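Next come the structures, one after another.
Look for chain A in each of the two complexes below; its partner is chain B in the first and chain C in the second.
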Partner chain A sequence: MDEKHLLKVTDLNIEFHDHIVPETVVYDFDLTLDEGDIVGLVGESGSGKSMSALAIAGLLSRKDMKKRGEILFEGVDLLTCERSTLRDIQGNDISVIFQEPMTSLNPVKKIGWQVEESLRIHTDMTKEERYQKVIQMLEDVELDNPEQVYNQYPHELSGGMRQRVMIAAAMICAPKILIADEPTTALDVTIQAQIVKLLKRINKEKKTAIIFISHDLSLVKQICERVLVMQGGYIVESGLTEDIFNNPQKEYTKKLIEAIPKVDRNKKG
Partner chain B sequence: MKYAGKKVITMIITLFAVTLFVFLAFHFISGDPATSMLGTEATPERVEALREEMGLNDPVLLQYGRWALNFLKGDMGISYSYRMSVSEMVADKIPVTVTLTILAFLMMVVIAIPLGIYTAKHVGGVIDRIIYMINQVIMAFPPFFAGILITLVFGRILKLFTPGGYVSYQKDFFGFVGYLIFPAFAIALPKAAMAVKLLRSSVISESKLDYVRTAYSRGNSTKAVLYKHVLKNALIPVITFLGMALADMIAGSIIIEQVFSIPGLGRILLTSISNRDYPVVMAVIVCISLLVLVVNMVVDIIYGLVDPRISIE
Partner chain C sequence: MIRNGKKNYNLIVGSIITGFILLLILVGTFYTPYDPDAMDAASKFAGVSLKHPMGCDNFGRDIFSRVLEGSRTTFIVAAGTVFIGTFFGIIMGALTGYYGGIVDEILMRFNDAMFAFPSILLALLFISLFGSGKYQVILALGIAFIPSFARIVRSEFIKCKNMDYVKNAKLQGASNIRIMFVHILPNTVTVLLSAIMIGFNNAVLAEAGMSFLGIGVQPPDASLGRMLSEAQTYLFSAPTYAIFPGLIIILMVLGFSLLGDGLKSEE
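Let's turn to the complex of A and B:
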């Protein structure tokens, strides 16, 4: 049964020792993910949500890290496997989009070059095939004039466009898991809604499992079926989004829910 | 095209300002070309007569105007002390200084870029620390001292070249380049040390940026991240430095030419300054400033090519 899961994280503990005082960031983290799932990871900054996600994406420096537990992706432990095995999975099976679309793209490379990078690394496609695929992908993330965007540089695009480019680049190899680390935090509200809608559509159409990290519970409520609430490195509460919203068990979760700004329609017509 | 036009106008204004300054400076420092031509034994009447003949008693701006007008006509005048055409004298020396500078620049790039990348890749390693220490020492070397040291080590002890054995480029081009290698090395060394340090820290700080994490998330190896993503970004500040260093090298070659007895622009500049031979001084200054300005323009263009955020318009 267990081997059937797409991703199974068991008892993950991460500590960093690159400073004098050891910074422990994640304790006893467990997560299972199957095709088509959308799981939310919520918590304030420093709660360990991003760190857990970076661990799953294989982006933590192995040298400075003390770890326990396992992250099994289709049976391969991403914490201990060969680096080359990990690289074969990164960008191909597991992709990431980051919070800051401004700085997450290389400023001196053209958009097309960056979007097709995973194809260059993981496939034997010809230049022409890659070009077609990139154009199709840029269309898919609802960018106008994909041919034009292909030849532009990041600074020539708006924040929302850049995040779409990031999504296109992450989705180009049709990964099984997409990790979205606060993908909308740096964007304004209307763009946020569009990006969330886009992620939902990708999840539905391509069956990509999504780990959606946010401190914004209202967004998580819109998009995720399951939620893990983190505080101080621990998962303090987890379950179906509905249950957690209707019946939060922990004080911390209640506070997070209360922090969602409410629109009171009765007050001002 | 508009850009090129603008640049040329800026260059002309700069040249005008530089030459005017030098001319004025010459007017105000002590020393008199007529005296240095005739010698200190000459009678005041003879000196005065010669001053009148050379136009040295005219107002300084009139003198400058006369020089500038002749210069624009392509006439740089006659050297006071050598009694020969300045343009001939200078034209002969330009290739020497230019070759010396180009050699020094190439050496700096060839030394600095691989070492900068290597030390950035192996931060904190033994070799990184050794290079760091050597770097600190070399950076503190004034070029003339580096020149003396190189003469001593490579010329006197290892006998790899003959100090003072300059070969004219008209006679034997390869012998000429061969002689210039060590002087060029003396010029390149301190600059290369600085460039290594700059590139190292630039690569290190670029490696911490978000786009690097993105690059790793796509399955790039450390090497691919460095060469395909980080390097181009890290080179941007280094290009600025290399440009400044090149301009500085043109000017700095003056001293090295003296140390290694190379008859380039720097040497005639120094002799003509002490002889108060300003037609020559002015011509050399124009040459050096022109070289510096052209280098700056080339750096600007390269900058625009490397960094898409900077448009040269």
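Let's turn to the complex of A and C:
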């Protein structure tokens, strides 16, 4: 049963222990993900959506917080497995794109070096093979002059280009799951649309499952098949995107949907 | 070297002075007009002349040759000190800054204890335990310099470790050691560089001070501080003996400070 799903999260609870009073930020989080899925995670700031995603990526410190439940990735529990196993899975099978393309690239390293990093760690390709792969990847995320970009530093690129580089770096090891943590929030609308299109294309071509975190419901509606709505650490509603948008059950979901600017609808109507 | 239409004079002057000193040291390594240790009773306290451009000391040794050799010794001691201080400072700062917690507490309290004593006092203690000489001075000053470098590196690491690119490196599967030294360390270089410049100056002065007190480089080795200390008895009979080593110390320190300032404003 577990083997069937690529990722199966059950009853995930995250509790912070770095203050005197423990604080729970995520309650009973459930999620299943199969190859090629795109799942949206929506909710206001502080609703626990990023926390859940970081836990799946294995980025939460094991020291300061307590986690209960299971995160099964192809049968391996990421919460209890060895650190070395986790490191193998990170980057190789699960990748993350962060919100802020300005700070998620190392300012003193060349783009090519940074995109290569996963290859350097997880494979034993030669320098030449790595170079070819990076160039091909940069081309794949629709960057012009990949050879030039390879030798540039992050400050020489625009926000949109950096986010493409981030996607290239995340996708280079052909991960099975890509977690996109508000990947378009820091970008302007036209670039947003391009990035979303790019993610969709990657999903279709490479069968990568994507967890798309956003508070922008209109984007989620465009890209995701299923949606989880979170509030205050709880999943308040989940299901197919269509159902949720057409027939929201909970008050909170209704409010969120109402909050989408209506210009679009008026035009249609 | 030109920014916003303004020339970076600090950098230019600093590089010229430092370049001049380095050239002097380089020449002194391969060629000195006389053997720096050769005594010649006939030219005792000889004044400035074509034969002896800086005159001679109380043993008739050529001061110019001794200045060349002395600046080399001083430079080596200062460079060695800074190297030891930086190397171990980086390791200590990286570990404490990156991991935090109990390791940080223990190492930083130890650091504070080191800070509580003037570095020259620590060096004195060390010398009295292990004897004096060029290499002991390097080791003693080097150890005394570790805490200040460790602090600087630590604060930079604390700043960097929560950046997204570090998270990203973690996600790419990089190990902690790799993240510390390959991903974060290059980001601290600019701060580290000016710290190295300042540290180098302090080391030059500390070596001169220790040799002046007679606990540094031992005779017959020449070092700038050693020469100053020997010269004080003969200030009136051979004023050049004090003036030139002092001048070189000034130039060395000035050159490196200007260079450090210049590099900082280039950033």
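Please note the rule applied: the second predicted complex is superposed on the first by the 261 of 269 C-alpha atoms of A that agree within 3 Å, B and C clash if a C-alpha of one lies under 4 Å from a C-alpha of the other, contacts with A are read in each partner's own complex, and residues count from 1 in each chain.
Basically, a contact is a pair of C-beta atoms (placed from the backbone, for glycine too) under 8 Å apart; a residue touches a chain by one contact, two chains touch by 3 or more.
A quick note: this is a predicted structure, and the numbers were derived from the prediction, not measured.
Chemist: Quick one: on chain A, after the overlay, do chain B and chain C clash, or do they fit? Just give me the call.
Modeler: clash
Chemist: Applying the document's definition of touch, where does A:57 land relative to chain B and chain C: first, second, both, or neither?
Modeler: both
Chemist: Considering only touches as defined above, state whether A:153 meets chain B (first), chain C (second), both or neither.
Modeler: In the superposed model, A:153 contacts chain B only, not chain C.
Chemist: Where does A:118 make contact in the superposed view: on chain B (first), on chain C (second), on both, or on neither?
Modeler: both
Chemist: Per the contact definition in the header, classify A:226: touching chain B only (first), chain C only (second), both, or neither.
Modeler: Touch partners of A:226: none, neither chain B nor chain C.
Chemist: Residues on chain A in contact with chain B in one complex and with chain C in the other?
Modeler: In the superposed arrangement, which is not itself an observed complex, chain A uses residues 57, 59, 87-88, 90-92, 95-96, 98, 100, 103-109, 117-118, 121-122, 166, 169 for both chain B and chain C.
Chemist: Within the complex, which stretch of chain C touches chain A?
Modeler: Those in contact with chain A are residues 101, 163-165, 167-175, 178, 183, 186-187, 189.
Chemist: Mind pulling up the chain B residues that touch chain A in the complex?
Modeler: Residues in contact with chain A: 209-211, 213-221, 224, 229, 232-233, 236, 306-309.
Chemist: Which of the residues in chain A come into contact with chain B in the complex?
Modeler: Against chain B, chain A makes touches at 57, 59, 87-92, 95-96, 98, 100, 103-109, 117-118, 121-122, 153, 155, 166, 169-170.
Chemist: Can you name the residues of chain A that touch chain C in the complex?
Modeler: 57, 59, 63, 87-88, 90-92, 94-96, 98, 100, 103-109, 114, 117-118, 121-122, 166, 169
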